[in-house]
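Below, each structure is written out as structure tokens.
Heads up, the next two complexes both have chain A, just with different partners, chain B and then chain C.
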Partner chain A sequence: MQTLKRNILAVPILVWLGLFVGIPLVFVFVLSFLSRDSLGTIVFQFTWENWQRVFDPIYLRVFRNSLLLAFLTGLVTIVVGYPVAYITSNLEPKKRALSIGLIMLPFWISSLLRTYGWMILLGNAGIINNVLRALGIIDKPLPMMYKFGTTLVGTAYMLIPFAIVAIFNSVDKLDRSLLEASYDLGANKRQTFFNITLPLTLPGIAGGFTLVFIPALGLFYVSDLLGGGNTIFLGNMINTQVTRGRNRPLAAAFSIAMIAVVLLVISIYGRIAKDDAEGLFL
Partner chain B sequence: MKQPLLSLVNINKYFGDFHVLKDISFDIEQGEFLTLLGPSGCGKTTLLRCIAGLESIHSGDILLNGSSIKDMAPNKRNVNTVFQNYALFPHLNVYDNIAYGPRVKKSMTEAELKERAANVLELVQMLGYEKRMPHQLSGGQRQRIAIARALINEPAILLLDEPLGALDLKLRKHMQTELAQLQKKTGTTFVYVTHDQEEALNMSDRIVVIDQGEVQQLGSPRDIYNNPVNLFVTTFIGDRNMMRVRVLETEATHSLVQFGENVVSIRNSGQHQLEVGREAVLAVHMDKMRVSCHEQPNALVGEVLSVHYSGSQIRIRVKVADRQITVVEYQKIDCECEKGDQVYVTWEDHGAILLPPEDGWAEGEV
Partner chain C sequence: MKNQRFSQVVGMLMVALLAVTLVLSADQGAAAAGEINLMTWGGDFIPRAIINEFEAETGIKVNYKEVTSNEDMQSLLEANPNQYDLAVVTDYMVDILRQTGMLAVLDKDQLPNYANINPVYHGPYYDPTDEYSIPYAVSTSLLLVNPAGVEALGAQPITGYNDLWQKELANNVVVVDWSVEIMGIALKALGYEYNETDPVKVAEAREKLFALKPNIVRFETNTPEDSLVNGEAVAGFMYSNQAVKGVQARPDLEPVFPVEGMPIFIDCWVMSKEAPNKEGAYQFLNFIMRPEIAARIADLTKFTSPNKAAEEYLPEDFRNNPMLNLSDEVLENTSFYIAVDKVLDEYEHIYLEFKLR
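This part shows the complex of A and B:
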């Protein structure tokens, strides 16, 4: 009774989550075991077929593609984002606010438009190729579009603010006297970074990686536009099955499988960040 | 002449427009326990950080064994710091914390390190705690580990930045004794920063009193306690009654001064020139004063305002010439005085000092 009273304020959000997340999730789960007719209409007949297809080697490659993309995106955003976060947290307050503002600024523009921006930049008749040709450095345009790498660049660009903010919070909390103690005891800057800064900001790195990895697993428009559908990822797969494929039960099975992967990643993150009181999710 | 271990030569330091350290010069001798004492914001911690290399200086020089270290990075200087919040690495256990210095400098083999670590842990009485994490230790234990972590590097100077500030009173007293013993045992030169006069007086061989970025006085604890050179040191060190008096006559060893209706004889400290007919400040240690009901020579006559018993000491407030004086007695007083009684306040000769008044000094209740 006491706990109920104390948690009364959480009731609205729990009702909201139950209605709009919990129940639909149950629908999707049930849907993944149902059949469909040739027109795509759901038939209430139990089947394992969708799940068998999920574990089909052909479709497992889709998982592999997506996991690879999400992992590399996480890696790239951490490697590029760490210095940005580190430098930002060491700025004086005014410049720091400006820097964080600039990092967040792209969020004010539709992500679809920003993806088209990359096409204008990287295309065969795009800005980079035009400039290089005008300068006489190349004769034929460099083929930069519709590759796995193109998708990686686009996804990393889209998600890097999450990594920067997560690492920033971690670096910002770092007690600077620990760095001074390290120098004082005879360590140089490199030793201090690898022995003190990096291990103590690991929760931020893990948090940033998780925050990037999860959406990277499901993004579909970036790989559609920049990857040209040459590599099939989970997001594209689900999108195609729902729209053109008219196979919502199969899409449901893939969705549930993807959620399982996400939960796995979160549980790994939870282990890494368990000593950090201000975790991302708990 | 013997070369000092560390020489500070005309050090100036600014934070923006703020002049934090003003032309500071003094020497630190091999093996001494030197304390930088001053109120918060006086620049003592900044000075310590300049010696450690964590702050740069704008002009002047720092000489360690005769050679300049002012442009040397902190990791190259043979000095180590015990930080105010200890700054133990939270992700490393006690052993790895202590091993950090030797490991990053690759100054000893793991076997040597193990032996040295055991030595310093024994020194700070923390053997057996190697596997503990810093958050599993109490404040006092962290303190010891921070000292051990610094001492294993065998620094020429150990810098301690208010290391006892975060501990409770009882533990602080205990650690004072222990630190002083540790310093004698290891023979390491300690430079200790504190705002606590009692700590400074208890532990140090010499004290540097600093205020507003300037050295006010440098001397032995006894010297500073008994012969403060100016009003700042007089008010900062020791609990004194401060009285504005008029100088009537000066002789070879003593001067006659007038305080209200009272005329008393005070020893000359020899440091100050007092002018006859001018005002001066008479400062007397509260615990060097006595209260008597019977007429005494060379005494201030006053009326008892209150008597407080607190443990071994008795605090008596006496009104003399419209000013309030506090007397702290440790022995049994020679008469049971009560509020309203007329009493005679005397003092030990060396407990009183006469100083010239300074601008802006107001006679306040101490």
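This part shows the complex of A and C:
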């Protein structure tokens, strides 16, 4: 009774999650074992076929593509985001608020629109090529669009605020007296960073990586627009199977498999952030 | 001074209130005469100007739901058949909806303007008895080419699909992103038909298709013509309305009707079996089949009109455009993607392998 009273405020959100996340998820899970006829109508007949196809080598390559993209996106956002977060947390309060505000600002603009922005920037008749041509540095446009790297730039740009904010929280909580102690004991800046700062902010890095990795697995429109549809990722494939492929059970199986990958990543994060009392998820 | 400001604000509020009242009362008037719900592609596929005219004339309000795929329309219709009166779907989807019993049989007595439809569009494979559908917009897929660009790369002029395989065109071809269409190119290039099911021919087409990969710079369904306009590609396989826009933006681009033949699409009106306002739906269908209205729709949307009587109302540049005013010669060399459902699974798999190369 006591616990119920204490947790009563959590009931609405639990009901909400149960109704709108839990039940649909069960539905998708069940769907992944069903068949469909050639017109795309779901047939209530049990089959392993969809799951067999998930482990077909050709589809495993799609998983590999997506994991590679998500991993590299995580890596790039951490490497680029760490200095930003570190410098921001060392600013005086007013400038710090401004810096955080500027980092969050792009979220106010539709992500689709921002992706088109990259196309305007990188295209053959885009801004960068036009400027380089006008300056006489190149005479043929540099082909920068529709490559794996273009997709990576797009996803990293889209998700980097998550990494910066997660690392910022971690750096901000860092006990500065530990750094002073390190200097007092004769360590230089470099030694202090690698022996004190980095290990203590590891939970923030892991949190930022996780927050970037998970959405990067499913961002399909970035690879469609910036990657020119040249490579297939999980998100694209699920999208195609739901619409033009008319195979919703197969799409359901891939969605569940994708969720399994996400859970795996979160559990790894859980281990790294075990000692951090204010972890992201637990 | 302050007072003046106050009265200004009050005046503005009153004008606003009046406007809102007018809009609301107009809405009520329409509601009294009923409303119809239709769904189809966005991008002004049914031009707003035409809908406004229909609303003004009949007092029937038109609710337009924009949808991005035939399959989405199928699921919406299946989920709520009594929520939609009309939909415009592509030929093969008429076939599916007809077979799954989602469509109403159209009462031609209520559609006197149906007589305006060109008889060549009667009795298509997807509706052999013309009971369920009315053709609305005809389009094809064809090649859009930048002849100077092709020459600059040292390739031979492009007359058909086979010319897309020239190795000089590396990274210079843009295509729409759909397995059935891209497999169709390979099959046609080999001299076979679309949606071939013979395993030997399909295997041959698979190998042929894989050889095309190095030439493709981009898969794009919505705006492939942009790649030719901005010079990313010198040849593209796209829908005719996109090619029309490409030529408008850059007159040195040329449409090429591939010698091997090309696919044709007919987007058709269909009525839900449980349509809540069938009477209003008939009025709307009859309205858009009027010759002058059909001509204006064709000109606004850049789709070929199946309305024979509309031809004399079409503007000069429309009638002179070979992509819009399809000659009999070109029409004879077109074919539908029939029985997509029989090949879809296998083609999707081949397409996946193709893209992962």
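Methods note: the second predicted complex is superposed on the first by the 282 of 282 C-alpha atoms of A that agree within 3 Å, B and C clash if a C-alpha of one lies under 4 Å from a C-alpha of the other, contacts with A are read in each partner's own complex, and residues count from 1 in each chain.
Please note the rule applied: contacts are C-beta pairs under 8 Å (C-beta built on N, C-alpha and C of every residue); 3 or more make two chains touch, one makes a residue touch a chain.
Only a predicted model underlies this, so the values are computations on that prediction, with no experimental measurement involved.
**Q** Let's test your reading of the overlay: on chain A, do chain B and chain C clash or fit side by side?
**A** These partners fit in the superposed model.
**Q** Have a look at where A:A181 lands relative to chain B and chain C in the superposition and call it first, second, both or neither.
**A** The first partner, chain B, only.
**Q** Looking at chain A, which partner touches more of its residues: chain C or chain B?
**A** With both complexes superposed on chain A, more residues of chain A are touched by C.
**Q** Taking the superposition as given, does A:I13 touch the first partner, chain B, the second, chain C, both, or neither?
**A** A:I13 sits against neither chain B nor chain C.
**Q** Touch test for A:A134: chain B only (first), chain C only (second), both, or neither?
**A** In the superposed model, A:A134 contacts neither chain B nor chain C.
**Q** After the superposition on chain A, what is the angle at the C-alpha centre of chain A formed with the C-alpha centres of chain B and chain C, rounded to the nearest 10 degrees?
**A** Given the fit on chain A C-alpha atoms, the answer is 150 degrees.
**Q** Once the shared chain is lined up, is A:L113 touching chain B (first), chain C (second), both, or neither of them?
**A** In the superposition, A:L113 touches no partner, neither chain B nor chain C.
**Q** Looking at A:G40, would you say it contacts chain B, chain C, both, or neither? Reply first, second, both or neither.
**A** second
**Q** For A:A260, using the defined touch cut-off, is the partner it touches chain B, chain C, both, or neither? Pick first, second, both or neither.
**A** neither
**Q** Please provide the least distance in Å between a C-alpha atom of chain B and a C-alpha atom of chain C in the combined superposition.
**A** Least C-alpha distance after superposition: 45 Å.
**Q** Chain A residues touched by both chain B and chain C?
**A** Touching chain B in the first complex and chain C in the second, no residue of chain A appears in both lists.
**Q** Enumerate the contact residues on chain C facing chain A in the complex.
**A** Touch list, chain C to chain A: 68-69, 71-72, 74, 96, 99-100, 171, 177-179, 216-220, 230-232, 341-342, 344-345, 348-349, 352-353, 355-356.
**Q** If we count contacts the way the header does, which residues on chain B are in touch with chain A in the complex?
**A** Its residues touching chain A are 52-54, 73-75, 80-81, 83, 85, 87-91, 100-101, 104-105, 107, 149-150, 153.
**Q** Contact residues on chain A for chain B in the complex?
**A** For chain A paired with chain B, touching residues are 175, 177-178, 180-188, 191, 195-196, 199-200.
**Q** Which residues of chain A touch chain C in the complex?
**A** That would be residues 38-41, 58-59, 61-62, 65, 123-125, 141, 143, 145-146, 224, 228-232, 237, 240-247 of chain A.
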